[in-house]
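Labels run A, B, C and D following the written order; every chain starts at residue 1.
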Amino acid sequence: MDEKTLIAARVAREMTDGMLVNLGIGLPTLVARHLPKGIDVSFQSENGLIGMESLPEAGLADDDLIDAGGTPIGAVAGASAFDSAMSFGLIRGGHMDVTVLGGLEVDAAGRLANWMVPGKMVPGMGGAMDLVTGARRVIVAMTHTAKGAPKIVAQCSLPLTSERRVDLIVTELAVIVPTEAGLELRETAPGVSIADVIAATGATLIIPAVVPTMVI
Amino acid sequence: MCGFSFRTAERAKNSNGNVHMSKVIRLADVVETIPDGATLMIGGFLAVGAPLRLIGELVRQGRKDLTIIVNDTNRAGLGVGRLIAARAVRKVVASHVGTNADTQRQLLAGEIEVELVPQGTLAERIRAGGVGLGGILTPTGVGTLVEDGKPVIEVGGRRFLLETPLRADFALIAAKHADHKGNLDYALTARNFNPLMAMAADTVIAEAQDIVPVGCIPPDQIVTPGVLVDHLVAKEQSHG
Amino acid sequence: MDEKTLIAARVAREMTDGMLVNLGIGLPTLVARHLPKGIDVSFQSENGLIGMESLPEAGLADDDLIDAGGTPIGAVAGASAFDSAMSFGLIRGGHMDVTVLGGLEVDAAGRLANWMVPGKMVPGMGGAMDLVTGARRVIVAMTHTAKGAPKIVAQCSLPLTSERRVDLIVTELAVIVPTEAGLELRETAPGVSIADVIAATGATLIIPAVVPTMVI
Amino acid sequence: MCGFSFRTAERAKNSNGNVHMSKVIRLADVVETIPDGATLMIGGFLAVGAPLRLIGELVRQGRKDLTIIVNDTNRAGLGVGRLIAARAVRKVVASHVGTNADTQRQLLAGEIEVELVPQGTLAERIRAGGVGLGGILTPTGVGTLVEDGKPVIEVGGRRFLLETPLRADFALIAAKHADHKGNLDYALTARNFNPLMAMAADTVIAEAQDIVPVGCIPPDQIVTPGVLVDHLVAKEQSHG
């Protein structure tokens, strides 16, 4: 299992029946493929749909139906379409149970930075700021390091996406829960030691007495 | 109403083969979850688009001390007017109570509290509560009694009132069609405040004129996505 | 022609092709019956419809279709329905070309009071405050006096509906335009003299050199 | 598309028997009314629901110095990306410009001004412009770069940014169906910003995939009432 699949599969275990979920572009999209059996989750696409699903076959693409990354998608029976104000009303208004987003950095206070690298890459925040501010639960799904450098740091050097503390960080090495006291290591990936995680992390971790191995 | 879809039926069952996530609930049972003293948003405009069965059951169960957020109190003894007549209501937040003589009488006698809100402001305050805004700035009411106690904020040289969000414990709404997932649509002027209230309460209870299988309401026609609806009132066997 | 018909017929002459119009409950409703020939106006009902028309026959009433006064109505081909936020978005957002409302008082500054009589009658403002604040043009259609007392007064004694100066006052005696300088008499009704209007008015009127007779 | 209605046809003619209030206009003619330097709202999300014919004609006519309010600048050379590639745009107000390499290049080279707005805030600012609000209070952006220069207002113990309305000289929008009165509906994710922008500009120009007789779009399905639409781009004879 490659690291992205591992992360997506672990995040998928956070989903429960009946949830409304928004998956960010890239890695988070993979989460939909790993939902536990019997779990019925509604996926929102913030460009205006509840009930997105992957397109069964390329020949069925509809010119009017894409996800927020521009990929043609399908829609489940019972899907609903709406405008951008309604879409973000759902997000900001606390109706979104979970959002899963990628990250450039998360700091010791659990704050996410994921929308720009000043002077280098200015894509814009798109829907990320609203999602991180408004979703009931924010899960960051990202690789633990980038080119060997920790992405979990004492303080974000990049512009914040929100001052809100995210709820869960899932990487290919660990599951970490940001708490008021700091970042708590909750699980390590199979074959990964606590020391490995500490070495790859740029912020202090709280290590509980028992740290179970991630179950996928 | 629409062609049967194997896929829909499949989705309505979980891996154990049981239908899950059912939102359908008996009228009496769902109304029992609403306590005395609760704050309720109730859809409808002069009783059109009002959840008449839910209102009737609240009266039958003798609920008391309610705060209701409504456009109006309908006519005496009709729709929301039944709650007023039954003296189930302690406070009304509404844009207009002039069509109901009971409300007028209780109001002038000091037996009921009425907070009057301009209709457009009422719609925006409920919407703000539902979409997570901290408030909205409206020109409506500036320089009138409605301004009292509210911050006046100047933007671009014009003065606006800061109006704050409204939320409720329960929203009781009425739809034309509901599907089994709770997706709703509305007919003509029966839409009014219903879709706004469906976003602004902790628990949303919907009654529908017709309940149809999933897929019968096309995606572009659904106004209230089913994820917003907690309970859908079951149709009851007619005893006629 | 009774006085209400006269007022309604005169107000109707303010309508031009393609306008979006909101008529208040009561007297203003009559305006729809007197539209000049060839004028196509869209009537909004603020409970959520553009394209209302009077019901052709009682037997055709739809339980889901009433006007803002609770009367069953019809809808023209091309009518559209919407929620209350959209309805008042149209009104507040400057999309309503004209609103015609009844009045309890209008004062020398052109300010309307029409929503309550403290201690006696507290119906509430309904949509009136938004309409008077937001419509491009506000026409007050009312009888000139109530039980012999002028309704056009130096300063409103009743709570204001809006601080905005209305655009036109039409009564059974006169057409008056509130201006920055004051209330200007523009037309007198057939058989009514300028002196009659002045006598029935509780505020100073500006009298131009020529005051034509109202054309219905 | 729907049954012919004698009444509809009658209504489309005035007393002289002439069809009046026609909103239909040739593509080239309506685009000529848009001057260099204008501020345009343009609907669409990654070009889905974008008015591609209007965009193409703006490029063909060589319009310059535009300010565009859009969700994104699509991909290089596609949709709104054609305006960027043609260097027709001086300033972009958008939530995301990362999908278009041309925008990125012009931005980092200082050749184009970009104002980034969170997507939900962008939607609410456009809506506020369209519905006459002086602004809205949103929690989004508090404590980030987006807060810079904006009033922070506390309501109920929480901090919110005061975000002000956006309006434009022209809104260019795309619909699924338009009827002869300009009533519009939208399909699936092609709806996005279009109905919001249709309320927030001095002049609204719509293009539609299909133009249908009045009455073909039922009242509950119309999303943008025709009174909001100033011009409807005519279908052109196909030369295939």
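Rule of thumb we're sticking to: a contact is a pair of C-beta atoms (placed from the backbone, for glycine too) under 8 Å apart; a residue touches a chain by one contact, two chains touch by 3 or more.
These numbers were taken from a predicted model, which means no experiment stands behind them.
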Centroid-based (C-alpha) most distant chain relative to subunit C: A
Averaged-CA centre spacing for the pair subunit B and subunit A, given as whole angstrom: 33
Two or more partner chains touched - positions in subunit C: 49, 75, 81-82, 85, 88-89, 91-92, 134
Touching two or more other chains - residues of subunit B: 124, 127, 131-133, 138-139, 186-188, 191, 219-220
Which pairs of chains touch, using the document's own definition: A-B, A-D, B-C, B-D, C-D
Parts of subunit A lying in touch with subunit B, wherever the complex brings them together: 17-18, 20, 37-40, 42, 49-51, 75-82, 85, 88-95, 134
Of all residues in subunit A, those that touch subunit D in their complex: 45-49, 62-70, 75, 81-85, 87-89, 91-92, 119-130, 133-134, 159-163
Partner subunit C, residues of subunit B touching it in the complex: 45-46, 48-49, 71-72, 75, 94-99, 104, 107-108, 114, 116, 118-124, 126-127, 138-146, 176, 186-196, 223
Partner subunit D, residues of subunit B touching it in the complex: 124, 128, 131-139, 153, 155-156, 158, 160, 162, 164, 185-188, 191, 219-221
For the subunit D and subunit C complex, residues of the former touching the latter: 5, 7-8, 11, 14-16, 20-21, 127, 129-133, 179-181, 183, 199, 214-215, 219-220, 222, 225-228
